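Per-chain numbering from 1; labels A, B, C and D assigned in written order.
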Amino acid sequence: MLHFENDYNEGAHPELLKALIETNDENLAGYGMDSYTQRAADKIRETCGCPQAQIQFVTGGTQTNQLVINSLLKSYEGVIAAETGHVATHEAGAIEFSGHKVLTLPHDAGKLKADDVAQYLADFYADGNHEHMVFPGMVYISHPTEYGTLYNHEELAALVKVCRSYDIPLFMDGARLGYALGSSSSDLSLETIAELCDVFYIGGTKLGALAGEAIVFTKNNMPKHFTAIVKQHGALVAKGRIFGVQFDRFFTDNLYEKIGREAVGYAEQLKTILKEKGYRFYLESPTNQQFLIVANDKLTELGQSVVYSFWEKYDENHTVIRLATSWSTTQADIDAIAQVL
Amino acid sequence: MLHFENDYNEGAHPELLKALIETNDENLAGYGMDSYTQRAADKIRETCGCPQAQIQFVTGGTQTNQLVINSLLKSYEGVIAAETGHVATHEAGAIEFSGHKVLTLPHDAGKLKADDVAQYLADFYADGNHEHMVFPGMVYISHPTEYGTLYNHEELAALVKVCRSYDIPLFMDGARLGYALGSSSSDLSLETIAELCDVFYIGGTKLGALAGEAIVFTKNNMPKHFTAIVKQHGALVAKGRIFGVQFDRFFTDNLYEKIGREAVGYAEQLKTILKEKGYRFYLESPTNQQFLIVANDKLTELGQSVVYSFWEKYDENHTVIRLATSWSTTQADIDAIAQVL
Amino acid sequence: MLHFENDYNEGAHPELLKALIETNDENLAGYGMDSYTQRAADKIRETCGCPQAQIQFVTGGTQTNQLVINSLLKSYEGVIAAETGHVATHEAGAIEFSGHKVLTLPHDAGKLKADDVAQYLADFYADGNHEHMVFPGMVYISHPTEYGTLYNHEELAALVKVCRSYDIPLFMDGARLGYALGSSSSDLSLETIAELCDVFYIGGTKLGALAGEAIVFTKNNMPKHFTAIVKQHGALVAKGRIFGVQFDRFFTDNLYEKIGREAVGYAEQLKTILKEKGYRFYLESPTNQQFLIVANDKLTELGQSVVYSFWEKYDENHTVIRLATSWSTTQADIDAIAQVL
Amino acid sequence: MLHFENDYNEGAHPELLKALIETNDENLAGYGMDSYTQRAADKIRETCGCPQAQIQFVTGGTQTNQLVINSLLKSYEGVIAAETGHVATHEAGAIEFSGHKVLTLPHDAGKLKADDVAQYLADFYADGNHEHMVFPGMVYISHPTEYGTLYNHEELAALVKVCRSYDIPLFMDGARLGYALGSSSSDLSLETIAELCDVFYIGGTKLGALAGEAIVFTKNNMPKHFTAIVKQHGALVAKGRIFGVQFDRFFTDNLYEKIGREAVGYAEQLKTILKEKGYRFYLESPTNQQFLIVANDKLTELGQSVVYSFWEKYDENHTVIRLATSWSTTQADIDAIAQVL
């Protein structure tokens, strides 16, 4: 079977695994106090051109979103997100579980529009009775979005402008950030992202880490005693080294971006093949996730040789599916899928 | 000024105040263990024709909604509500604060449609990946709705049927229940409501109580140790007698329904007057709240003699306003407003 | 039966009831925006000699404690309290329910000792590993305590000094504050309390209000958007006037303190009688609550004419009971109990 | 330096690392749906002699405790623990953060005594007013305890008897369970533990896993939709395989117990050496953690060659320190420390 269903079904990228093996016997302090974690943070600060960045590594994406949102918001605040945002749809209510409403707005191919956010905020403060409503306290975006799409510099800057004018932070969920950085369509670098966003995270799991995400607070805005907050959420890991060692390697010789670029390169090849074969795209994605509209009667046949993800029903006779390349995709995989499509 | 802005701007209905005065010097057990509270509960059980009903009195509506929803839902469940439902819009996120997502569906003049709920539930369980989503664990409706509209017996029964088939409770927010019971358009009595709903509350504050709402669990489904839960929410009142005495009076000689009927009678008179004067109704409401579309340039003039509620912007030149009669409205008020409209 | 079991078993003090009756028909804004609430707040500010005080009225004591503690603490902080403190023992876990640990210290007749608090704080910060522990973020005291005892000025100032040196607020639970102010043993006035405490509340329910407590933030430290926080806790009351009207009356002609003084005067008479009759006191209380050690075989007899509160087991053969005078105690009650003791 | 400060400062046990390497390139389903996770669960069920056991793997110990306690307790319940229990002291308030009070009892060398628990429960239900208190809803023990001590079969059975008579579950925190199973002093096997406890966890991290703990519900009592609950806590890991692969290996050829036995063997050697050298033990521990009372002026010298953990101040001139062997301790380490002590 050819695996294109997602980007987290294999273990670790060989280089990360190698780093874990090489450091395995070293005696290192626990709970993220080890030298690799410190070094990884230093390298991220350097790559982001953001010397004041404060960094915390945790295990997974939902955990990250819950931690960031819950620790930055006041109790009476909610977070604005696209109705397709991961926090709004696929986190089993983790944001509400920690006390906050997700205030959803319509999406444009997975993206929030600055104008919509500005309108929402203006309307909110226009209503005199807003003490009975949930205050919008943060804007959450994912980049790439859940549909693989990307914000460009202008769009991100427009969102930032709105956020700044209401003095609320902009939080970027970068579960697949490497696939954005590695896309030739992207005009956003880690430096720009660090400059524009108040907080974002650099996703490790979907880029080849066994586990691990790096939360980056860019404006000297990490909540006080954040370690205690992380502990309190059950998110502080004894062997924090596993994140330190992997992110130290990710940010050596530009590996993180390289992984992303390679996978997006394979996705581009896949797009070309799919277009040649006459497949219909649900939307245009410049990253590793591709969304297709496939007739239901073709799905069974496709499923015999390719593992894909069901995304959503398109109409009575068609389905939207996702094909994803990843850090573990090879040229052989692409050549093979070209044969069977 | 003529006050038609809402139904909670005067103190207590004279009969309730009288009861409070008459019982003021009695020594009565605290925390709802007094004889008036017991008697009020008995009378409610009798009026509802529901001998097994379990009743708890608390101070206000948002508190009630938070208590009922939080104590009946599992942590991973959310509550389905119309997008205009009070829990979704005007409770400062009290439901999310207690850990639960409000799952909103489109409304039909403030009402949830059974078909929409059925479709939502079917879609939810059709998606194999729903362990990553918020489980729909309850259906919340308000009756009258936030737009003064009413469910009829058929509509309520249809909702109940959907709920039963998924084994989730139906909760009716009756903050203004008396104005539903007192409406000649209504084919739902307290008996039918108790039979159909799993839990509902009988609103006191907006029907003339100083404060107080009666939560009624109809299916022997009051959560175990509910008193401790109420205490834990900060909602257990030392002098629970104030609810007991008022509800005992509400349910003596049918006062509760009488109050509602009288206020809706005045609302009907008001509707006739408004229609004669050519006012444009936003929707047809059979209860004490009336919603009008008024040209913005007429609003200032109207505001000189009548206090109304701003509801929402209708378009650039028009506004939706609410005029409400209440337990304290008199024939003189209606005659006076007829003059100035 | 003679009622000495507590101070909340009758309705409202006649003067408060009168004020409620007199204002009943006035049309007043909801949610505490009415003129009586504003006036009550003004009078409290004046009595406290604290023009910057910010005041919020809510229904009951546990609600108050939960609101104040939850809104002032950071998520990783707990509240220091005596092991006998109300928040530690009789609030059904309301503090933990809202996410915070109660950090208990030994008590001295219900009081926290400044030295113990200082030692606890010093030890906490001496341990390098405190990011894995609950940060002490506030000190909670009750005045009078659960045992009727009082802090004197020196003791309170010592606590304040410790709090200031660690930059954490001191919160005084004044559920029975009037009985402290009315005690001849007390050298603390509302002015001193407002000067020393960062936040405290003036209990209404146990001093003769139907319901109502006044939270006073003295250092311009009311959390931002506190109304929304109160709403979110289900604690915002539509007819906020009931608190405004009663507290306006409490703070007219010094009624609040007068009520306390009278009740404590009766308690002093009761103490004299009890001493004459040879009763054994559990501790020396200068306020309205008196604690006695009574042989179990005498209890039944006493119970035939006097209603008292069981407090705790003293030893196999003795029980600690509480006799409380209150705003509703009369000279006739005292004369009568003198006969039966 | 000789490292005896704890049991989590090196990476993974060589056999576990090998298993991770060997399976790294396999395409496996995410979120714990992979074959290794299923197989690991099967092997645990078999080793426990508990075919109905329900198993969930998560990342760390505090996370586990929070998940188990929060999902099994009702909102109004707290968990009974020794005052030295990890949940009471070193989890940054994670239990309270999720809404529950830790009800502490005195400890006996880290252990809870069945009699104390029985007395606490009897007293609780003897007080008629317990609706205002926190209901004891679970008993938490750690085995080995935070002091390295062990419950024997009789003690555990006595606790179970108390729990059963009040119908509350017994939860065993097995962060270091392997070191209990591997102790020659222990008369408790995984089979007995599974039979007696309602839920327990098998600690991986401190026994040589990179990360991972196995929660075992033994009485068909895993909360419904537990996956959603885990997700909601931010505790569901995309590459659940990392736990599956490691626990599959732990429970092949009895590796888990073997690791424990070897480490405890080294601890026994260390004890003999320490006794010979005249060191004073704080208490008698039959597992991998040893607690010594050392004169402060000796500590600096010791610290020059051995890394130990500060535990607590003993008196003005002495300190309690911990020396721990672990899965990574070697005979060479023991020989070396014998030289320097």
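Everything below uses one rule, namely that a contact is a pair of C-beta atoms (placed from the backbone, for glycine too) under 8 Å apart; a residue touches a chain by one contact, two chains touch by 3 or more.
Only a predicted model underlies this, so the values are computations on that prediction, with no experimental measurement involved.
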item: Neighbouring chains common to chain B and chain D, by label; value: A, C
item: Numbering shared by both copies at the chain D-chain A contact, with half separating same from different; value: same
item: Which of B-C and A-B has more C-beta contact pairs; value: B-C
item: Chain located farthest away, centre of chain C as origin (C-alpha); value: A
item: Centre-of-Cα separation between chain C and chain A, whole angstrom; value: 50
item: Mean-CA-position distance for chain C and chain B (Å); value: 34
item: Centroid distance [mean C-alpha coordinates] between chain B and chain A, Å; value: 42
item: Multi-partner residues of chain B (each touching 2 or more other chains); value: 75-76, 91-93, 97, 131-133, 228-229, 231-232
item: Interface residues, chain B side, partner chain A - complex; value: 75-76, 78, 89-93, 96-102, 129, 131-134
item: For the chain B and chain C complex, residues of the former touching the latter; value: 1, 3, 6, 8-12, 17, 20-21, 23-30, 59-67, 91-94, 97, 205-206, 210-211, 228-229, 231-239, 241-242, 328
item: In the complex, chain C residues that touch chain A; value: 70-71, 74-76, 131-133, 135, 223-225, 227-229, 231-232
